[in-house]
Amino acid sequence: MKIAFIGLGNMGGSMAQNLLKAGQTVLGYDLSEKALQQFAESGGIVCDSPQAAAEQADVVISMLPAAKHVRDVYLGEMGILAVMRAGSLCIDSSTIDPQTIKDVAAEGLKHQVQVCDAPVSGGTIGAKAGTLTFMVGADDVTYERVQPILSFMGKNTVHCGAVGAGQIAKICNNMILGISMAAVAEGMALGSRLGIDTHALAGVINSSSGRCWSSEICNPWPDISPNAPAGRGYTDGFASQLMLKDLGLAIEAAGQVKQPVLLGGLAQQLYQQLCLQGNAHLDFSSIIQQYLPREN
Amino acid sequence: MKIAFIGLGNMGGSMAQNLLKAGQTVLGYDLSEKALQQFAESGGIVCDSPQAAAEQADVVISMLPAAKHVRDVYLGEMGILAVMRAGSLCIDSSTIDPQTIKDVAAEGLKHQVQVCDAPVSGGTIGAKAGTLTFMVGADDVTYERVQPILSFMGKNTVHCGAVGAGQIAKICNNMILGISMAAVAEGMALGSRLGIDTHALAGVINSSSGRCWSSEICNPWPDISPNAPAGRGYTDGFASQLMLKDLGLAIEAAGQVKQPVLLGGLAQQLYQQLCLQGNAHLDFSSIIQQYLPREN
Amino acid sequence: MKIAFIGLGNMGGSMAQNLLKAGQTVLGYDLSEKALQQFAESGGIVCDSPQAAAEQADVVISMLPAAKHVRDVYLGEMGILAVMRAGSLCIDSSTIDPQTIKDVAAEGLKHQVQVCDAPVSGGTIGAKAGTLTFMVGADDVTYERVQPILSFMGKNTVHCGAVGAGQIAKICNNMILGISMAAVAEGMALGSRLGIDTHALAGVINSSSGRCWSSEICNPWPDISPNAPAGRGYTDGFASQLMLKDLGLAIEAAGQVKQPVLLGGLAQQLYQQLCLQGNAHLDFSSIIQQYLPREN
Amino acid sequence: MKIAFIGLGNMGGSMAQNLLKAGQTVLGYDLSEKALQQFAESGGIVCDSPQAAAEQADVVISMLPAAKHVRDVYLGEMGILAVMRAGSLCIDSSTIDPQTIKDVAAEGLKHQVQVCDAPVSGGTIGAKAGTLTFMVGADDVTYERVQPILSFMGKNTVHCGAVGAGQIAKICNNMILGISMAAVAEGMALGSRLGIDTHALAGVINSSSGRCWSSEICNPWPDISPNAPAGRGYTDGFASQLMLKDLGLAIEAAGQVKQPVLLGGLAQQLYQQLCLQGNAHLDFSSIIQQYLPREN
């Protein structure tokens, strides 16, 4: 089986490496010379264009920054769907709006190419370690086909529903995550200002109805959760600007279906404020900074 | 040991009953004749005033609606601190702002009476079943004294810190809870509108970083969490107006220390909108109503 | 001078009629047969495609629903820029994001075609009456050229800056408008609930620092502002869904430059909630409904 | 006529001076020795207590920091209502919640003392210059009595309704003001980031539907409004902490009547964030700082 991999950045590069380690034949394309060189050094076959990679492949996996790149790669003038073999398969692991991948999949059907969405959670660390979770949107038959391929790059796959459902699940989950992280930040900062010991407070929350992933695993207050970014200056985590991107997708998708998301809308702006003030590259739990006095 | 119980309403009445069942001598006071009658029928000794109950007691427990009642009972013209014996003990289980109980405790010290705060979680069901959790604010010595007494009425006690820390822990926890419940409501409603199966969505959230008490135990979407209020028309839960009260306390306390809580402030208003539109007595997970089209 | 008019809907149709009344030769295109028929009956020359209209014209005016239509008409496979004569002029009066019109203008330069943005305020009534205000983004020379043309369709033109500035001015103004309308609604509803006479309250606001267009000219409380939509069941105004569209553009543009707009983000969601609950076609001052008890 | 003045701070001190300049006999009380000394130097008669001042007076005017001081002065153990002559008059110019002054007025009636509320706008500059605006809550007869007295200290009096209506009008107006100032800050900051000239943008807003006091008279962007605090480093204006206080009163009053004010609740938190970050003493238009990159 030949796999074409489009987009060999921080995430995609590591995922492609795991395919190569698993003994797969991988054809790759990226705009960056440096990314292509690393890919070649690991045994990948470098191609000149997405089309050049895709036309030889049984499976295409794409990992791209935004919806417009997905549209360009699949649907554009030099789009890959036009050159792919009937019966072949595409897995888009980019995080984009659900409508775009539905559009791509509809176009794929015209070429007898199955397209599914499989956005990930786990970040660059999970991509490198091969421990990603894939949220897959695909029909049952396609899901059976993609699962073994994804297993080379991750440890969990969840079948979320038809095409687009992977993206929907991801943006809904991450919207809740972005809000609850800021909520925990507010609760911890408030408690601290009111004079309670923050370990005692975290203890109460985590054994009570306020507990959540953000309070237990990734508490934004330093030295509460072991190994959380808060304990190392908010480095090596899920960057604020990526949370901002996901919140933007959620708010955009909500706007497309005219669904109000009041806390979601405010959370988007809070992370935007956080990024504006210089924390775009820090873990999103650095939102706690917005609730503390400025150190001058 | 004689215990005086001030405030025999839905919560306090059941708590006093559990003290009586445990064989304690309980002197009680309430403004309601009906509450006093039920108390008497269970073996309690009815008193004419808080002072009448407190002056004979070793321990006073109070369960009152709001801070002003606490001030009246403890500090007012006919306040109980003035008549209590040196060395006696007061446990206030009302949910009020932290400053009020600190003021009461400071006044208590003048009379050699220890005052601590022990607000509860668990609601009327937990009060009746004797399964409440108490969040206790007290010094170490006092905490040792109150724990066995509280064990007659609950199954957990958490020592949160000095006087006031119980209230601080409760309002911080409940502020996070109120926000995360609304966040889950937004995420579930958005996913549903975008076309994902809500069980699949809940499955992803609960195995991922969006998981929280509100998504797992008390999901606002019907038929996700077993036995949650959403499955019975949002009845028999934690009433929206009580969540609104707790958010009000959090926002007020935040204002006293000038601590911004942006999501908390918005959440307060969302539950206020919910109550205004007729859902004050429903479980607070009925906040999902604010995100669905009106059924006309 | 020949003018091509692309988009003959509620707004564009009336604008084209005013050009015809002023004695101009107008070539028109729209997807709707009915719109074309009305245009023909008024003396317009119906064309088969945007290109067919534009290739004969000295000036193109477009009035389209959203950015994707603007891109299709100007830049798409059958885009008009490719067929327009060097030295000709395009005026886009659609309300869209600033970036799109900048992209179109940049492409226009390659064909020696000047493109400017001139979104309007004044609504369908102003379009019909020829009393629109145009917010123009253009260089000084181009502004001199477009002003006499716009004067056939409106009574004011404001030169906001270079290409895109008209859109920027419009979305910033309308974001402030959307927020301040909701703010006045909150203030009037709060005052009324607290027991003040609403006319007295409006009097204080309008002679004090709370005064704004929304409190003076278009107060959301009935019978405060003469002739405001609030006095006629919120009909015949600026529809909530159009305010929602403009807030969506503002939040999207803010996201593109990573500019936090916290109240703007919340306002977008409030109007989204309003539309979800059945008020999409009512004037946006019907936002007051969100602050009143439901009439059941 | 003898006037007692309770509270001779920045505001009250200047107001009392204007009464003295107008030839009135004024008895004064304040906790601050320095304030009393200045008052004495201007010809005022210093008293030992509020009661000492009030028992000799025909009219009492109070200007106090918060509701608890008002309660203490009027209703407390040493409260003035108990010693005032039947038929005398009290004017409270403090900014407090409406309920407190209603309670004081009800108690006043028992002593045949008329109490009305007359909070001000105009700040310390207006207090000094005698150009304050008074928002008066009183019955018609009482309003006739207070108007000539207030005219010594201000240039406008507005009759807002019955007792409490002055406070209601003030907090509703100031809530709208606080929101609209932040809305203008968001709109100006967004426009600037998108590249429009800020003078051009302000020109559009102020001739269009976004115009408000905050955009015209006190624009938060520097050098837009002549003489606005933005042009002098946000000094000598209406301090952020005072806006925060007024928003707190509005949110508290809204909570008492269970009235949702979503933008108001968010605005309170935004100003709280502003104050936390060191701008409590700057004019509230410094809220623009929250929307700009940090200068480090």
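The letters A, B, C and D name the chains in turn, as written, and every chain counts its residues from 1.
Basically, a residue touches a chain if its C-beta (ideal position, glycine included) is under 8 Å from a C-beta of that chain, and two chains touch if they have at least 3 such contacts.
This structure is a prediction, so every number in the text was calculated from the model and none was measured.
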item	value
Set of chains whose contacts include both chain D and chain C	A, B
Chain whose average C-alpha position is farthest from chain D's own	A
Chain centre separation (chain A, chain B; CA means) in Å	39
Between chain B and chain D, centroid-to-centroid distance (C-alpha), Å	36
Geometric centre distance via CA averages, chain D-chain A, whole Å	51
Two or more partner chains touched - positions in chain B	254, 259-262, 264, 266, 270, 273, 276, 290-291
Residues of chain A touching chain B in the complex	98, 121, 133, 135, 158-162, 164-165, 168-169, 171-177, 179-180, 182-184, 186-191, 193-197, 200-201, 203-205, 207-215, 217-218, 250, 253-254, 257, 259-264, 266-267, 270, 290-291
Complex contact set, residues of chain B against chain D	244, 248, 251-252, 254-255, 258-262, 264-266, 268-270, 272-273, 275-276
Residues of chain C defined as touching chain B within the complex	262, 266, 273, 276-278, 290-294, 296
